[in-house]
């Protein structure tokens, strides 16, 4: 009796701005939805641990942890912050439950990106203060450099990268949680401004506001809280190196290693065959391709071709980012991994509406923490224990 | 106790601390945050004879990014903490982080996911120029509090004053804590502010925010600390005297700190009860042999002794006056010299306390060793807006 | 192994050497600007301050009148279901006299700051503000009654500083 | 969910503020030596791991892979090869740059890593292109990555 399940999810957003709600109120709404989804669990009594995932400079506070408990029902209870993507919160909740000391753990992550007036300056503030930051400029040049090398080494084409945008924005039209769905053409993407050669404007996800809260439970507790638990079959996470100089500019090693860890726990030996769909981090279009390869869903350098052939489309053999991805939903900052998990849960519950992938049993979610990081998280979820 | 029973009590796997490392604590250190992390982590590893490749997971603890001056500093510090190509994450609960980080390490191992975890805490406060006070102004609510011109010391002063008022405690009683801790720190090789001072020195020091005076306060510092955690099997292989993590506890109170009575830290009690329950401790003053409660201000040590149920509410000053909390007393408190004496690089300071208990329980604390042959010890940190408690109970 | 270790790592620098540039450093000032959405509770609270009033939210489950207002009761975890004005008088729960400015520099005139438990709000509902119109800070006492001193209406902008400070009152 | 929402857009409030402060970063033990070498001797150095044999550029105090302390420093020369690059056309605030900026990772022979810097004196750039560091005149150097003005093509 040591399996871990997701038994409740709640989401508000994602929208370009949410001026009528404070970040606290945004979190409150998502939390209420998640608790309601878990058979009306009472956070004041029935939740053992709360995990929130946030970074100070994305909130405008030092020690954002201070401002979290009340709206989650966690005042005078056991809450803490993981300074990481929401999926690291999932990994943490998973471990907590595996200690057998806790039965119910809540994970929260949100984005109030519209509260930030100088987002790119803050991203740049994440660069090494001695070796990189003094060069100045828009920090996404790092992505341009990575895309360049990736394309060079794999032979991936500009069209293949652009096709990711077309696919994801189209999927997002079907997703009520998505902010940036659109029927865009390949030509429109190809003709958009080149910001960091070869990276184009439309290949970069736009931030969005939203919050996702999830309730996780031990096998015992899960049975009481839901009829359709989604099991966390395996979770893995890894940090490569934060030093851009020694970073691998072609392969997403952090995702490859995280996937190895997750697959080992989930006993997956052939991910392409054993997994039905994937939600991967697509902050930049090429990142989806790089991540598909790191997840061993195809050979190195083949993801572009798969995309071009429509295999990763919603109606393809192996749908990738049926939610619309971050390109379509909007980039939810530290909640971006939660956006991935949310879609995986909805698909596996059969609640994905017009995006529903038939007979999906095993899904994969993957997160990355954006520029300039090399941290990835991978989770394998299933509706079968 | 059979190992099965132990396991149900302490987690799927019982977890031990097998090594500890610490850098100097100073107002300014030359090392970058990465380098400080490395030095502490390397020292902790060397103490165990284990190599970096033996570490299956890594946890970082560090307080606001606004000190080091790097957004997402957990990512920035990763290689210094030894996280290259490893599962790594950073936890952050304000001032409570330093004791919380080993708790995070605990669940990495107690869950059965990893056999080892390298736990590193770092703070480089000197990067914030000319004074880390600038960073502290952004811990407050921007609408309700920042416009009033909030200063970090204010909130401590408000809490200290309330505590004094409620129990009719005098400043000279509180000053004894500062005298004790700064003297204890004279024996700590990493200490920034070890000194022989008197109660009069404290009472005559500059008034910052009444009732807080200069010598009631710990300094700002740079520094790092680390511990190596291992599962029972590995621990027994690498050392003859592992120190077990038998209790973990944490708790956060409401954001609305002005709606709470500050004379007593309910959240510390809640965290302590969680840890005591796991450790099977029923009578804390009797069962705890040595404690390192968080002492960024002298009154905080007293406040936290009470919250930790080591004495009754309002009684900690009396115990201090009677010498009970001295190294040779019945309940030695902060034998390291605490934050008041050793220094306060926020997260690193909390982990320093865990290192101290580790060394005390192994009889390796040198000049600081308490004579009582301790078996059970406790470290606690406090944080956020007077709202966070993190507690660890260690046994040898 | 603490007792066995002779040298602890770390190269201490003199603060003045850093300040005077004797140690090579890299300098930076981030641009980190925000426009926080005040939200449902705070937007109303600020608007009422502009009108010279302090508004609270209420929870009919536990009966508390809460200030600063919030849209959820953190104790019951239910949405608050009412608004009510509270008086702009209260008692000092605790106070401090600050000789330090926000940047840690020394003040000529100390600032008196207090948590004021507002009358007609639930017990213990304090807000933090400054205390003014006190000749000598030693006159301030626990439990002292105080009243808000408001800026003139034309100067109010909908901010906590629309209250200049609280001043002592006689009963 | 709250019982009441803001329905009048004129009642929506925002509160402005910042998290800005001045920062002074020490260069670190390895960084200080590295930048002094550039400033005083015009040399770009790497540090060799006694265990892995890897030469790290920029030099670090420790090997990020095995945690050995790096004490052997080697001159890696000022010439290197572009491992990857980009041409940035917009600035951090999203505005169009008057002149695009080329950023690249320059790798040095026999070394792991390299330096991220700008490429100057050329409009064309490619992976594998040979470049060399152009340093500021000695009196203008401040022990900073910007003591290197940029890298330029060698031919």
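Observations on the model:
The first chain written gets the first letter, and so on, giving A, B, C and D; residue counts start at 1 in each chain.
Keep in mind that, in the parts below, contacts are C-beta pairs under 8 Å (C-beta built on N, C-alpha and C of every residue); 3 or more make two chains touch, one makes a residue touch a chain.
From a predicted model like this one, the values you see are computed outputs, not experimental measurements.
Chain pair with the larger contact count among B-C and A-D is B-C, by C-beta pairs in contact. For subunit A, the chain whose average C-alpha position is most distant is C. Centroids of subunit A and subunit D (each the mean of its C-alpha atoms) stand 28 Å apart. Averaged Cα coordinates give subunit C a centre that lies 41 Å from the centre of subunit D.
Chain centres here are Cα averages; for subunit A and subunit C they lie 36 Å apart. Each of residues 19-20, 25, 28, 56-57, 60-62, 69-70, 75, 121-122, 124-125, 129-130, 134, 241, 243 in subunit A touches at least two other chains. Residue positions 11, 13, 18, 23, 26-28, 30-38, 40, 42, 46, 70-72, 74 of subunit C each touch two or more of the other chains.
Counting only residues that touch two or more partner chains, subunit B has 28-32, 66, 69, 71, 79, 84-85, 126-127, 129-130, 134-135, 138, 142-143, 254-256.
Every residue of subunit B that touches subunit A in the complex is listed here, in rising order: 7-8, 11-12, 32, 58, 63-66, 69-72, 74-79, 83-94, 100, 104, 107-108, 110-113, 127, 135-136, 138-139, 141-142, 249-256, 266-267, 270-271, 274, 278, 383-385, 387-388. The touching residues of subunit A, when paired with subunit D in their complex, are 19-20, 25, 28-29, 32-33, 56-57, 60-62, 120-121, 124, 129-132, 134-139, 141, 144-149, 152, 193-199, 241, 243-246, 249.
By the touch rule above, subunit D contacts subunit A in their complex via residues 1-2, 5-6, 9, 12, 14, 17-19, 23, 25, 27-28, 31, 56-58, 60, 64, 83-94, 101, 103-105, 112-118, 127, 144-146. Taken together, the subunit B residues at the contact with subunit C in this complex read 19-20, 22-31, 36, 39-40, 43, 47, 69, 71, 126, 129-131, 133-134, 137, 142-145, 147-151, 153-154, 157-159, 161-162, 165, 189-190, 206-212, 222-223, 254-256, 258-262, 355, 359, 364-369. The touching residues of subunit D, when paired with subunit C in their complex, are 1-6, 11-27, 29, 32, 35-36, 142-144.
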